[in-house]
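The two complexes that follow have chain A in common; it is paired with chain B in the first and with chain C in the second.
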Partner chain A sequence: MAHRSSGFWAEAWRRYRRRPLGIAALGFVGLLVVIAVFAPAIAGTKPVLCRYKGRLYAPCLGYFDRRLEPAIFAKDKFRGTYPKNLAAKDPESWAIWPLVFQDPYRPVRADEWPGRPENPAMDQGHPTWSNLFGTDQGGVDVFAKMVHGTTIALLVGFVSMGIAGTIGIVVGAIGGFFGGWIDSVTSRLTEIVMCIPTLVLILAIVAIIEKPSIWHTMAIIGFTGWTGIARLTRGEFLRIRGSEYVTAARASGAGPLRIMVRHILPNALAPILVPITFGIAAAILTESGLSFLGFGSPPPSASWGSVLNGARSNLAMWWLVVFPGTAIFLTVLAYNLIGEGLQEATDPRLREARK
Partner chain B sequence: MPHHSAGSRRCSISRRVALTGLSLLFFGGCGQRTNEPRLVAEPEAPAAASGATATPPPAVEESFEPPALETIDRDARWIDRPVKDALTLLRAEQDAEPLKATVAEALTLRNDTPSNNAAILSALGQLPAEGAADLEARIDRHVAGDLGSTNPILISSNAEFDILGLTGFGLFSFDRQLEPFANAETVVSWQTSADGLIDKVVLRDDLVWSDGRPITAHDVAFTYRVIMDPRVPVPAVRSGTDQLRGVHAYDDRTLVFFHREPLATNVWNINFPVLPQHVYEKTWEDDPTLKDSPAHVALEEKPICGGPYEIVSRKRGQEIVLRRRDSWSTVKGKKVRDVPYFRDVRFRIIEDPNTALLALKSGEIDEMVLQPEQWTTQTIDDDFYRLNTKATAPEWVSFHFAWNIDTPFFADRRVRRAMSYAFDHDRMLEKICLGLYEPCAGNFPPGSWMAGPKKLAPGKQDLDKAEALLDEAGWTDHDNDGIRDKEIDGRIVPFEFTLLVNQQPFRIAICTLLKENLEQIGVIVNVRPVEVTALQETMQKRSFQACFSGWGSGTDPDTSENIWKTGEMRNYSGYSNPEVDRLFVEGRRELDRGRRAEKYARIQEILYEDQPYLWLFWRNSFYGFSKDLRGYVFSPRGPYHYSPGFGSLWKPRAE
Partner chain C sequence: MISPDPLVRVTDLTTHFPIRRGLLRRTVGAVRAVDGVSFDIARGRTLGLVGESGCGKTTVGRSILRLVEPTGGSVQIGGSQIRSLRGDALRRMRQRMQIVFQDPYGSLNPRMTIRQILEEGLVIHRLGDAAARRERMLSALDRTGMPSVALDRYPHEFSGGQRQRIAIARALVLEPEFLVLDEPISALDVSIQAQVINLLVELREQLGLTYLFVSHDLGAVEYIADTVAVMYLGRIVEQAEAVELRRAALHPYTLALFSAVPSVELHRRRRRIVLPGDVPSPANPPPGCRFHPRCPLAEAVCRSVDPSATSHGGHTVSCHIATRFMAESENDVQAASARLSSSLAVAAAEPVR
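This part shows the complex of A and B:
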């Protein structure tokens, strides 16, 4: 399908490239992806790579999942602090350290890193060279939190809209293609789900689940956020299923699944991608809002919203507002610009209107 | 709530205080629970049962026939007990102490040193000179949560105790040193028989309810019957009352309390709130919930009050307005009691401490409890001192991590001790409590009579000891994943537990510190903030593994029996030690203060060894006050919850 409809997509890309804002937005999201993937190498207190007692380890992977952190360091009583322990317990060892020696989950203590003072706590944590974006009330470095929070921001957008997109396209496609009573059922289902208030549902689920995590939030946003996509898909399918090439496919004996996936979906995809892009922006905002209210990922969390939450009690700590606020704003703006660019690049009517 | 008239305010306050004490003891005690102010407002309904479990024969003995008064008077050797006026007491105390500053000086001070704090407390804590108080003033008080009920015997949350302190009628009270006395505003005489089994109280004859009917001894005896009826869902005040054998009114003024045993706690057991008999005697049998019938719904909105104030309006979730009633101080055209210092007391309900601080700074409220961060960083500039000042004093409120001993993790005492060694106490005190709170090592306040002379060493971090204790208890890393585990019933159980806490950033910060500390030695903690009422429910059901919570001390150490005795309702940890159980019973029976103190000191030592809690810190009182307020005096139960307490507050007349 990809090369068959390449003409359309290549054309769309050509048009998209003409929009400098759209390109900048794409670049920004790309940058975020890079930051998210390399977060433990950018800011952290665990070596990216080290040689210890004759073997190579990458303790920094522990930031992704604590099971990836080699148990030998726990056995040797490193107690979470690497720099001095490495040297003391194996003089032969060497390590490659993250660019910024700061932890997103705990304050760095005095002399943990040679010559670096203890992170300031309460309202004393102005941005300095040791703490680029300052520290929060607990003394945790805001820059490290922001870097590691990028993962959450991106994941929330992609995972929740991945779920929503899948459900929405399937439900919409079935309803729009078959019509009749099936359409009635899927449309009513869509309307019912539209009535569920996402925020309230998340609060309820968080109260019920034993160990609520960020994944639950993503799942709920995904499972409630597909209605717009479903309606759009249904509309597109209703429109396209009457066109000649679909009739031709049907006449040549193609089954419904084949027609839906091979013939209709590629032509319906462009308008559907637009609400998905906007949905990513909305999901990021929802997650930040939840963290801001204290219902997001469990503490100590490194999400942007939770940094903002720290500013609620003391607005004089401007760095707790400005940095995460800017990051959320720029990310949401970037996704909206991408969505808008996509819309204009793929919708011929908008293109005509521009001329 | 500066002063109510001396008499009225005293009564109400004393009763309330006593109740608080009781509630602490027996039921989950919203009031006692030392949440931050707003958090404190937790309804705790299922407490009723706890009292019952505490003492074996709680049901009213229907068969109890009070002997004739003549017989009692003939047989008993009466010992006179104190009948005092709380304001007079406080005035005498203040007259004996030299002033540390003038009012004008105190109002210009910044409260940044202990000597400035002392000067502020000394100068601004004074009672008014004759005619100096503005008797038409209104005070706007801050409460963190709304009322569950206005019925005096259904109270359980802090806000309810606050309101009842002003609107309720009571016979007894206690002073700043928590010594009990009968209130001279309501009581003529109080006597106890030499065998300690009977208390006789003579009420004043100039007491009326807010509807004009007289308050009599029959009201008290009636209330006792209602409280002890198992159909009535009394959350807090049944504990203590259930230790009585009976209460009998021989005439309108003579009231006799009969005890089962001569206990040191009898003096607290006879202190309970009072209902108007003429209002409830017709309605309570039909609706024992005291809440559901139309008549009770109407009373809930407009209760008949016996204290110096009555409720004049109530907007749910926003405010409660009380007004001084003239029939308290003036009966049959005669002035019989002092007029309370405030005409109106308005309770503003504001949950969020940050919002409350804004309201204080703009003069919308006159007082509030300050959080450590607020005290240290947000109340130090002109913006705050323009209208307000602040004061601090020690208070008997402590916080801890409670372990559920029934879980495989915390059944072993060595593990609980390891937790204390793992926790960075110093960092918490210094960085999170900002040096404002004292370390806490045990359940009784250091320096109080029940804590005993031996000073317990507060916890100190020692990760090596913590690891050694965990190794000894069998929690080592068997499967090489960096997390300690133990084989239990053939399955490898990793040491990973959930720590519940309410949603206050200050408390979450302390839990996060424990998480960080334990992770260093291979124990995983999931910090889980939950809403206050959900937290309480989980604790009552004991379906938690660990949680962060606190207690406010009761007036008597016996009040904490239901926290430590085996199987008690508020024994959320599931702690059980036969020696502690026995010592509590002995402590209650022991009448000599010195020997009693030995029992409780021993209990504290045992608890210290067993570590059912990881004790963290004593939270002192930190209050912001409007510069218009005077007369605040702190007790170990804060500035309000004793006698005169709130009753001593006043606002000066405009010059």
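This part shows the complex of A and C:
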């Protein structure tokens, strides 16, 4: 018996690894994370790194937050265009440029990049070598928009399901563990929230709030989407509460919090994680749908759904449908595959059936 | 048993579970799982509690430890009134009273290593630093015959017998005085049962433990227990020293139980007494003697009057018939038992329906 004892999650990972589709899906989401993190280095018009007037700067950070863009460039009146200004104002300067010189928020003008014509606008902007995924009506490069929109697609999933998961697990755990009137209260609360139509609520809130942002959307999806998780958690807690190892823990003097966190939650987590993963996919779809309707993240932030929105007025611009549509489809598919893989790796009953 | 200074004294313990119905969850009745149970266990001794499934014997064990809230009566362990303990006091008391469960597959958390399982009680009761805790865990494992490498393994890597040893180690690590053994061998293979029961006897001798041994296996109870209490439908119907009970049982139910124990000694083989019908629901126990619907010797008085416990020198029985037989045999327990046994055999031989 030389082998190391492996815990539940190590075993689950071993089983998960056997599914090529699950691994591919995990790899795809990993790729999206890499794209989101390195978005300003993949597509942009601000240097990743440059030397200007004797000092090193990373103006590309301005894509994450405007305040991160070094102030010196605003003072020297760059007006956001770097290549010519850098050469003109400091002949000694050098810069490392993003892989694709295109901006997600504005069309690139003629000769901004040596020898590159102005971005075509309207239905002229089909995919070319300088605009990989074409341009939208305003002449903004679709590839750059989508690369920078990856962050939103990922954030929507993680933030909204982070909120929903936390609320759902806490509410479900309390109801399932304590039972009685506490359970009645949490169950009724869950049912009430379940009745709220998410989409309508988001539209209403967007109409009320002065400056709606993507964070509002995430928060609303999170605050309305926890009901299923709460019900599942309640059921799991109810089931495990009666198990003998919980009674044994009580016999040892463990308090409610300790029993819930140390004994019940680890045993309940696997089946709860599955719907959370599916929830991430659903949240991404909801956000895309909202953006498509024009209620999503307001400009200048670019989401995949808002690119789709551009195609509404001109169906001839097929590239505005195909590329973001495929990206949304693949991402949602990937999360669903991960959820399914997780379910199969952690649910002993499914495992038996597949043998 | 009346002993001068028992470690455990249970007096008139009742545990009723409410039955709720309807939208308003009104209480419409109660399952009288334990309905007036009293016994003493002297320090270092073992009380065996036997009965069919559903008779409430498991609930007695759990009620004593407050794992189930009793509804009445009193429980005294080492001078503390268990039922009046609250919060921290109850938690401190838990260190002195532990439990081993029937199912070693259900009683160990599958997500925790043996180290985590054993350490939990020590952490809760803040017993010792890391080194001292490790020492105690290793000694508990050693006492139960488990190797120290078990610490970093998970329950699923062990067999049923090994798991039960780990469960015993978990109880021992807190160094309790009193252990409730809730059918600790019933879920094990027959070959393992003897090992575990011998381990329990050994531990009792070494550590001076006091046991409440709950089981439906009369053979095992006779082996380990000093005193045996027989339960039927929430009540103790007969209680005596193990040897005495074997020699001269007085309650028809006890005699029926004994007749069902397989014996290898030919001359001791008794005629099997088969009780008609099933155990009635504890939600609606029969009037009079609770055993009367199944008792082959039941008479009119049994159907109306609930028999009270009568003691014959440490041998307590609750049965009208037995009390009468005792009187007729001039309080010779053995003679009364023999007479009862033969009339039972005659009565049970007749077609009941």
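Everything below uses one rule, namely that the second predicted complex is superposed on the first by the 347 of 355 C-alpha atoms of A that agree within 3 Å, B and C clash if a C-alpha of one lies under 4 Å from a C-alpha of the other, contacts with A are read in each partner's own complex, and residues count from 1 in each chain.
Just so we're on the same page, a contact is a pair of C-beta atoms (placed from the backbone, for glycine too) under 8 Å apart; a residue touches a chain by one contact, two chains touch by 3 or more.
Since the model is a prediction, treat every value here as computed from it, not as a measurement.
On the superposed chain A, the positions of chain B and chain C stay apart, so the two partners fit side by side.
Using the contact criterion defined above for the overlaid structures, shared-chain residue A:A251 touches chain C, although it does not reach chain B.
An angle of 130 degrees, to the nearest 10, separates chain B from chain C at the C-alpha centre of chain A in the overlay.
In the superposition on chain A, A:N267 contacts chain C only, with no contact to chain B. In the superposed model, A:S243 makes contact with chain C only, not with chain B. Touched residues of chain A were counted for both chain B and chain C, and B has more of them. In the superposition on chain A, A:G7 contacts chain C only, with no contact to chain B.
Touch criterion not met for A:R55: it reaches neither chain B nor chain C. For the three-chain overlay built from the shared chain A, the minimum Cα spacing from chain B to chain C equals 46 Å.
Within chain A, no residue touches chain B in one complex and chain C in the other.
Chain A makes touch with chain C in their complex at residues 1, 5, 7-8, 243-245, 247-255, 258, 262-263, 266-267. Interface of chain A with chain B (complex): residues 66-67, 69-71, 73-75, 77, 79-80, 105-106, 121-123, 137-139, 207, 210-212, 294, 298-300, 309-310, 312-314, 316. Within the complex formed with chain A, the chain B residues making contact are 353-354, 373, 376-378, 431-432, 434, 463, 467, 477, 480-483, 498, 503, 505, 508-509, 511-512, 515-516, 519-522, 524, 526-531, 534.
The part of chain C that touches chain A in the complex is made up of residues 62, 65, 67, 90-92, 94-95, 98-99, 101-103, 106-113, 120-121, 124-125, 149, 152-154, 157, 167, 170, 174.
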